[in-house]
Each structure stands twice: as C-alpha cells, then as structure tokens.
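In what follows, subunit A forms one complex with subunit B and a second complex with subunit C.
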Partner chain A sequence: MKRFLEWFLVLDRRIIYTLVALAVIVPLLFPLNLRIYPTPEVESVHESLNELPAGSPVLVSVDFDPAALPELYPMLISMLRQSFQQKLKVFITCLWPNGVNLAPMAIDQVITDMKKLDPEFDVVDGEDYVYLGYQPGTVLVMLKMAQDIRKAFPKDVAKRETSTLPIFEDTWKLSQMKYMVMIEAGDTGDYWIVYGTTPNKVPVGAGVTGVMAPQYFPWLQAKQVDGIIAGLKGAAEWEVLLGYAGSATKSMDPQSIVHALIFLAIILANIFAFWLAAIKRKEERS
Partner chain B sequence: MAFPAIILADLTPRWLNAASGATTSFVNLPWMGTLGVWVAAGLTLFMFSFIYRDNPFFKFGEHLYLGISAAYLMCVLWHQFFKPKFIFPLLPFTDPTSATKLNLLVIIPGILGFFILLRLIPKLAWLSRITFAFYVGGIAGFAIYNVINGLFLPQFHSTLNPLSFTWLGFNNLVLLAGAFCVLVYFFFSLEHRGAMGHVSRIGIYFLMIAFGASFGYTIMARVSLLIGRMQFLLFDWMHLERIFPGAGM
Partner chain C sequence: MQFFRRRFPILLAFLAGIAMFFAQYVPAKPAQALYSGFIDWTIIIAGFAGIFGIISLTHYHMTKVRRRVPGYGFSVTTLTGFTVMLVIGLFFGIAQPNVKTAGDWMFLNLMIPMQATMFATLAFFIASAAFRAFRARTAEASALLVAGLIVILGRVPIGHYIPKLTDLAAWIMANPSMSAYRGIFLGVALAGIAMSVRIIFGVERTYMGGGD
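The block that comes next holds the complex of A and B.
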C-alpha cells in the first residue's frame, strides 16, 4: 500500500495529461447533455438587454484576440443574436489590434444562422449595425467616444465616413448608449469602466475570460457592472437563456467532467498524503 | 502554450467558411480552407507535443507564432493608424479616397514619436525623455480625476453598506471585515504583532480565499481553451461527427 501511495503522490504528469485529454474527448464524442443552470450574473445581462425597446442603441466592444476565442467568441455570438433578434442598433468597436477580424466573422455567422431560422430576417450594415474596427489609444478613444463616436472612428471598416451612416443619425456619443457589453481578455475592460461607462452612466455587462472573472466581482458589488458572463460557463448560460445550443453549451460536458476529475484528484491526493504520513509515523514508532 | 497555432488555427478555417458561406462539410470547403485546417491542426499538434517534452516542432511553432503575430500587429497599426493618422494628413495625395485634408500639426506628435526611437542611439537617447514627460504628464492629468471618480469613490462607497441582522447585513459585515483586515495586512508602518498581527492574519485568510477563487476560475479558463482546441481537432479537422452521432459543434 505504501508503494502505491508514494507512486500516486508523485504521479507522472503525462498520465494526468492523458486522463484530462480523455475527460475532454470522450464527452465531446458521446455528449451527456448535462443541464446548465443560468446564474443571476448572466441573467442580469440577458434581462437588461431584453428590456430594451427595438431601435435602442447598444455598444459591443470586442477586446480580445484569437487566444481567447474558445471562451469569448460564443459570448459575441450570443450578444449579436440577442441584439439582432430584438432589432437593437448595434455599434461594434475593437480596441485590440489582433482581434480586428473577429467581429466580421461573428456578424457573418449570426446573420447566416438567423437567416436559416427565418428566411425573411434581414439587417442592414450601417443602418442596423456598424462595425467601427480598431483604433489605437484605448483610453483616448473612450474619452473621444464620450464626446463624439464619429470623431473617434471617422470611418468604419468598410471605409465609409461614419458621419454619413444612418445609424449615427440619433446616436453619436457614448452617453446615448442604452447598454454596453464589453467582451474582454485584458485590462481594456477596467479602462472601459473607469473612463467610459461610469462617467457616462452607461449600464454595462462584462463578458470576460475565466481568469479575469474574480477581479470583476468588486465592480459588480459596486454596481459599476450590471452582470458578469464568466468564461465558457457564462457563455453557455447565455446560450441557454437565448434558447439555443451553441459551441459553449456543447463544451459544458467535457468542462464538467474535467472539473470532476480535478476535484477527485485533489481529494484523493490529500487523503493519500495524510494516509502515507500516518503509515510513516507508525513505522517510525515501531 | 497553444498560441503559435492560434492565428492560423482559429482564424483561417472558420473565417474562410464564413466568407465562402460553406458548411462545415469537408468536401464543401474551398481548398484554401482545407489547407488552413491542416496547417492549423499540424501547428496545434506541434504545440501539444510540448506536453511530452521540449522538441524542435514545438520550437518551430513557437517562433512561427511570434513572427506572424508581430508582423500582423505591424500591418494593422500601419494600415489602421500610421497611414490614416500621420501619412495621409501630411501627404493628402497618398489617400486613395482623397478625403483627408492637409494637417501639418501631425508633425509635432510625429517628432515626439520619433524621439522614442532615438533610445536606440545612446548619445541621443535623452531626447526620448521629452516624449515620456509629455506622455506621463498628459496621462496623469486626465487619469487622476477619472480614477478617483470612476474607481476609488464607487469602490469605497460600495464597501460602506448598512449593517443589520439580515443575510444582506451579514454579507456587508463580511465585506467590511475583509476589506479592513486586508488593508491592515498591507499596512507596513506598524509591526504586525499583537492585535495588529491577528487582524493581518485574518487578512491573509481573506486573501487566500480570493486567490483560491481566482485559481479555480483559471483552471476553468485553461480547460475551456483545451476544449476549444479539441473541438477543432476532432470536428473541424477529423470530422468525427460523421462517425459519432450526436457529437459535433
């Protein structure tokens, strides 16, 4: 027994990697369809958007790059789906240079998916939504957006003058946004809260990577963010609330299995460590 | 770890699929999409090979990623920032849309930016201090007001909630006690002995719980990234959804 305990407590990391790989692959191939329960933090974002009347301007900031794609991209899809379903006016910005191509990809995907559901579905670029692309300067861009979004982004990604676009007829500054969802993989979210949404009194939902989620709870406590969509789990909850099974929902089976595996490993390692210590104490006494 | 494969792995196939309107069916993909999937899958496997041990395939993928991302960043900054904000206002005839007007004022930030590059020449490196002085002064000027109003005061206010014999009151008490004990832990002007030591000790426990929550979320995030890569390998690349009914993205 002692030898087994010693072997287990210095288990080769490659065995652990193999177990984790199996815990991911098997549920992906044989889905368990475990139930997902939306949390109040995600419900809050969904409800806030749900309460907006058609035509309300909303801002989406796509501040992540492909490294965070598995976690954050499903949130972007959900945000666009809900906004287009409710006929909201969607302003999309990007303050991360490496993420500039992600929004067009998501817009294309959502429009294609929604046309499959409803052949009459239609949104017009520049009228119902606009993708303003990337601007460097982060905080300076936010401060300029507070004055005039058209000056912060003189042209959209299609090189059209933003001042000529119909979507800007009634909305041209940050404080006129009825809601904002920032999808963040770095510090840009903090800057949005401090320099963008708080001074301009724009309610904001934060879609963030799992790593960043704990640091956003103080913002939630202070009511500086309206809700938090934390990592892939948060994205799956949003999909459940919208009533469709996207990539996040389908990822929850392996996510749960791996968590269970890690939990089991921690419990067993602790029990075995105490057990081994007890055996050694017993040996020393005898 | 999977960074080197990311740009090709995550952008190419889906972007091409979306652009071409193709389904995820292998045969319907344009050949560029197929090539992109294979390159991305290969690079993903190169990166995963580090799990076994460091090797030349991993090194190749790592260096490829650094090169691609640096070049990509340079292209984005050149086309979306340097050209429209500096070149076009200075030389309006280079703007293909002819919409930019001559603006000689951009020379000033241009010179300040050039000064930073002079750090590479030791004799002229001192000129970069002018730019940094301007930058630090400007940033501090607008940051102080916004940070106090947007960060410090709302966070301070949210800690001071009414205490009562309700569940909410208890939560507020824990919040207040946690904030106080952690602040005491980070107060270094008095030795942490006696009552001060006990309170700072409680502060450490609060910090440990916070770090534990953070670590849990980090594990969740890393597993999510692994799932994303596995979905790509199993379904975008190997198309195992054809063999396993119910599987797929």
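The block that comes next holds the complex of A and C.
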C-alpha cells in the first residue's frame, strides 16, 4: 500500500494531462447536457438591457485578446445579439490593441445568425451600430469620451468621420449611454468603473474572465457594477437567458467534468498524503 | 543644466498635477479647456509611448541577433513576425464589419490559434499543479483548500446537482472573498493617492531615473 501511495502522490504529469484531455474530449463527443441555472449577477445584466426601449444607446468595450477569446467572445456575441434584437444603438470600442479584430468578427457572425432566424433582419453600419476601433491611452480615452466620443474617436474603423455618422446625432458623450457592457481580460475594467461609468452615471455590466470575477464583487456590492458575467459559465448563463445554445453552453459539460476531475484529484491527493504520513509515523514508532 | 535635468521636471510635474487636480473642481470654461487640452496631449504621448516600445523591442532583438547570443533564433522569429504584421497592418488595414483584409486573415489564422493554444495549455498545468501543491498542511492552507474546493465545483453546472453547494460557493464569493478584495482595493487606492501627492510635491523622484 505504501508503494502505491508514494506512486500516486508523485503521479507522472503525463497521466494527469491525459486525464484532463479525456475529460475535455469525451463530454464534447457525448454531451451530458447538464442544466445551466442563471445566477442573479447575469440575470441583472440581461434584465437591465431588456428594459431599455428601442433606440437606446448602449456601449460595448471589447478589451480582450484571442487568449481570452473562448471565455469572453461568447459574451460579445450575446451582447450584440440582445442589442440587435431590441433595436438598441450599439457603440463599440476597443482599448486593447490585440483585440481590435474581434468586434468585426462578432458583428459579422451575429448579423449572419440573425438573418438565418429572420431573413428580414437588417442593421445599418453607422446608423444602428458603429465600431470605433482601437485608441491608445486607456483612461485618457475614457476621460475624452466623457467630453465627446467623436473627439476621442475622430474616425471609425472604416475611416469615416464620426461626426458625420447618423448614430451620433443624438448621442455623443459617455453620460448619454443608457447602459454599458465592458468585456474585460485585464485592468481596463477597473479604469472604466473609476473614470468612465461611475462619474458619468452609466449603469455597467462586467463581462470578465473566471479568474477576474472575484475582484468585481466589491464593485457589485457598491452598486458601481450592475451585474457580473463571470467566465465561460456566465457566458453560458446569458445564452440560456437569450434562449440559444452558443459555444459557451456547449462548453459547460467539459468544464464541469474537468472541474470535477480536479476536485477528485485534490481530495484523493490529500487523503493519500495523510494516509502515507500515518504509515510513516507508525513505521518510525515500531 | 542642473535646473533642466532636475528642477524643471519636478516643476512641470507639480504644475500639471495641481492644474489637473483643480480642473476637477472648477467648472469655468478656461479650466475645462485646460483639462481637455491635457487629455489630448496625454493621448498623443501615449501614442508615442507605443513607438518607443517598438524601437526598444527592435533594438533589443537586433542586438541579440547581431551578437548571435544563444537562442537568437527566437529573436529572428520575433522580428520577422513583427515586421510581417506591421507591413500587412499598415498597407492592408485592419478588419471592419463586412470587410476582410490580409491583416484579418493573419489574425484569424495565426494570432487566434497561437494565443488560444498558449492559454489552453494552462488547464493542464493548473490541474497538475493543483494535484501536487494543494495540500492541507496548516490550518490556513486547510481553510483555503476547503473554500477552493467548494468554489471549484460550486461555480460549474455539475455543482447544482449537489444540494446547497452553489449557494455556499456564491456566499464565499460574495462575502469572505469580496471582503479580502475590498481591503486590497482600499490599500491600493490609498497608496495611489499617497504616491500622487509625493510626485506632485517632488518628494518622489524615481520617475526621472537615477534612483533618488
């Protein structure tokens, strides 16, 4: 028994890697369809958007790069989907240089998906939505947006003068936004809350990676954040609320099984470590 | 010369700091124009910081290649990747809705797979590290272990099949974890204020280089 315990506690990492790989692949091939229950934090974001009348301006900040794409991209899709469904005016910015290509991908995907559902669906670039692209300066861009978004972003990605776009006719500064969803893989979200949304009284939902979620709870309790979409699970909850199964929903089975595997591995490692220590103590005494 | 090297930057920091501070409380047009001007200048400076970054990166890797230091092949790869992306980005533009560019193709077929691969390998390393290191050796480690295990399972759909587990995980996130983060935030904010005051009044001078 002692030899088995010693072997288990220094288990070859290749065995662990293989188990993790299987825990991901098998549920993808044979889905368990585990039920997803939306949390109040995600429901809050969904409800706040739901209550906005058609034509309300909303801001989406795409502040992540491809490394966080599996977790955060489904949130961007859900945000655009809900906004387009409700005919909201969507302003999209990017404060992460490596994420500048993600928003066009998401816009194209959502428009294609929506057209499949409703062939008459149509949104006009520059009128119903605008993608303003990347601007360096992070906090300074937010401060400038508080004064005039058209000055913070003089041109959109299509190189059109923002001051000439119809979407800016009634909305040109941050405080006029009725809601914001920031999709964050780093510190930019904190800056949005401190310098952007709180001083300008813009309600904001935070879409963040799983590891970042705990640091947003103080903002939530202080009501400086309206809701939190935490990681892939949060993204899946939003998909459930919107009534479609996107990539986040499909990833819930593998994520659950991997978490269960890690849970079991830690429990077993601890039990076996105590057991081995007890055997060694017994041997020393005898 | 001494004035421009030491006193002038301190004077500049003092004037800029005080001006920005009072601009927050003075709604008069000249004050707001000054505030707006400062923001414009700083956005331009932030753009130039990017250029300095590019110069620094190129210089660092060119030096490694020139001196043939061990592993200089990685520097060649970095410089090649950087040049290709820069040229394509400058001459073919970035993606727009409904418009596909060469830069977009590079992003989709190189950046996304490479960054996703790097990030995906973390799952394997974390599983292995958690198995080896997450042990209840002390009372504090045991508390962390129990909280961690509840959150690991309570924040995924499978946790809903264990009664009360998700509620417990939610309680941990919204209470002990949140309290700890709030303490960290307050500490960081107070330190930030203290550091700003030190810079404005010339006590903190490390930003000028030289270490004093």
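Going forward, the second predicted complex is superposed on the first by the 286 of 286 C-alpha atoms of A that agree within 3 Å, B and C clash if a C-alpha of one lies under 4 Å from a C-alpha of the other, contacts with A are read in each partner's own complex, and residues count from 1 in each chain.
As a convention for this text, a residue touches a chain if its C-beta (ideal position, glycine included) is under 8 Å from a C-beta of that chain, and two chains touch if they have at least 3 such contacts.
A quick note: this is a predicted structure, and the numbers were derived from the prediction, not measured.
After the superposition on A, what does A:66 contact: first (subunit B), second (subunit C), both or neither?
A:66 contacts both subunit B and subunit C.
Which partner does A:193 reach: the first (subunit B), the second (subunit C), both, or neither?
first
Which partner chains sit in contact with A:214 here, subunit B, subunit C, both or neither? Use first/second/both/neither.
It touches subunit B and subunit C both.
On the A-aligned overlay, A:136 touches which partner chain: subunit B = first, subunit C = second, or both, or neither?
both
A:251 contacts which: subunit B (first), subunit C (second), both, neither?
The first partner, subunit B, only.
When the two structures are overlaid on chain A, which partner does A:112 contact: first (subunit B), second (subunit C), both, or neither?
The first partner, subunit B, only.
Quick one: is A:233 in contact with subunit B, with subunit C, with both, or with neither? Answer first, second, both or neither.
both
Just to be sure I read the superposition right, which of the two partners does A:147 touch: subunit B = first, subunit C = second, or both, or neither?
Second partner only.
Of the partners subunit B and subunit C, which touch A:223 in the superposed model: first, second, both, neither?
first
Jot down the residues of subunit A that show up as touching in both complexes, subunit B in one and subunit C in the other.
On subunit A, the overlap between the subunit B and subunit C contacts is residues 17, 20-21, 24, 65-67, 69-70, 98, 100-101, 105, 108, 133, 135-136, 143, 210, 213-215, 218, 221, 230, 233, 255, 258-259, 262.
What residues of subunit A sit close enough to touch subunit C in their complex?
11, 13, 16-17, 19-21, 24, 34-37, 39, 65-70, 98, 100-101, 103-105, 107-108, 111, 125, 131, 133, 135-138, 140-141, 143-144, 147, 157-158, 210, 213-215, 217-218, 221, 230, 233, 236, 252-253, 255-263, 265-267, 269-270, 273
Where on subunit A does subunit B make contact in their complex?
On the subunit A side, the touching residues are 14, 17, 20-21, 24-25, 28-31, 65-67, 69-71, 97-98, 100-101, 105, 108-109, 112, 133-136, 139, 143, 154-155, 159, 161, 193-195, 198-199, 209-215, 218, 221-224, 230-233, 247, 250-251, 254-255, 258-259, 262.
Which bits of subunit B are touching subunit A when the two form their complex?
Residues 2-3, 6-7, 9-11, 14-15, 18-19, 21, 51-52, 69, 72-73, 76-77, 80-81, 84, 97, 99, 139, 142-143, 146-147, 149-151, 154-155, 157-158, 175, 210, 213-214, 217-221, 223-231, 234, 240, 244, 246-249 of subunit B touch subunit A in their complex.
For subunit C, which residues count as touching subunit A in their complex?
36, 39-40, 42-43, 46-47, 49-50, 94-99, 103-104, 107-108, 111-112, 114-116, 118-120, 123-124, 126-128, 130-132, 134-136, 145, 148-149, 152-153, 155-161, 166, 170, 173-174, 177-178, 181-182, 185
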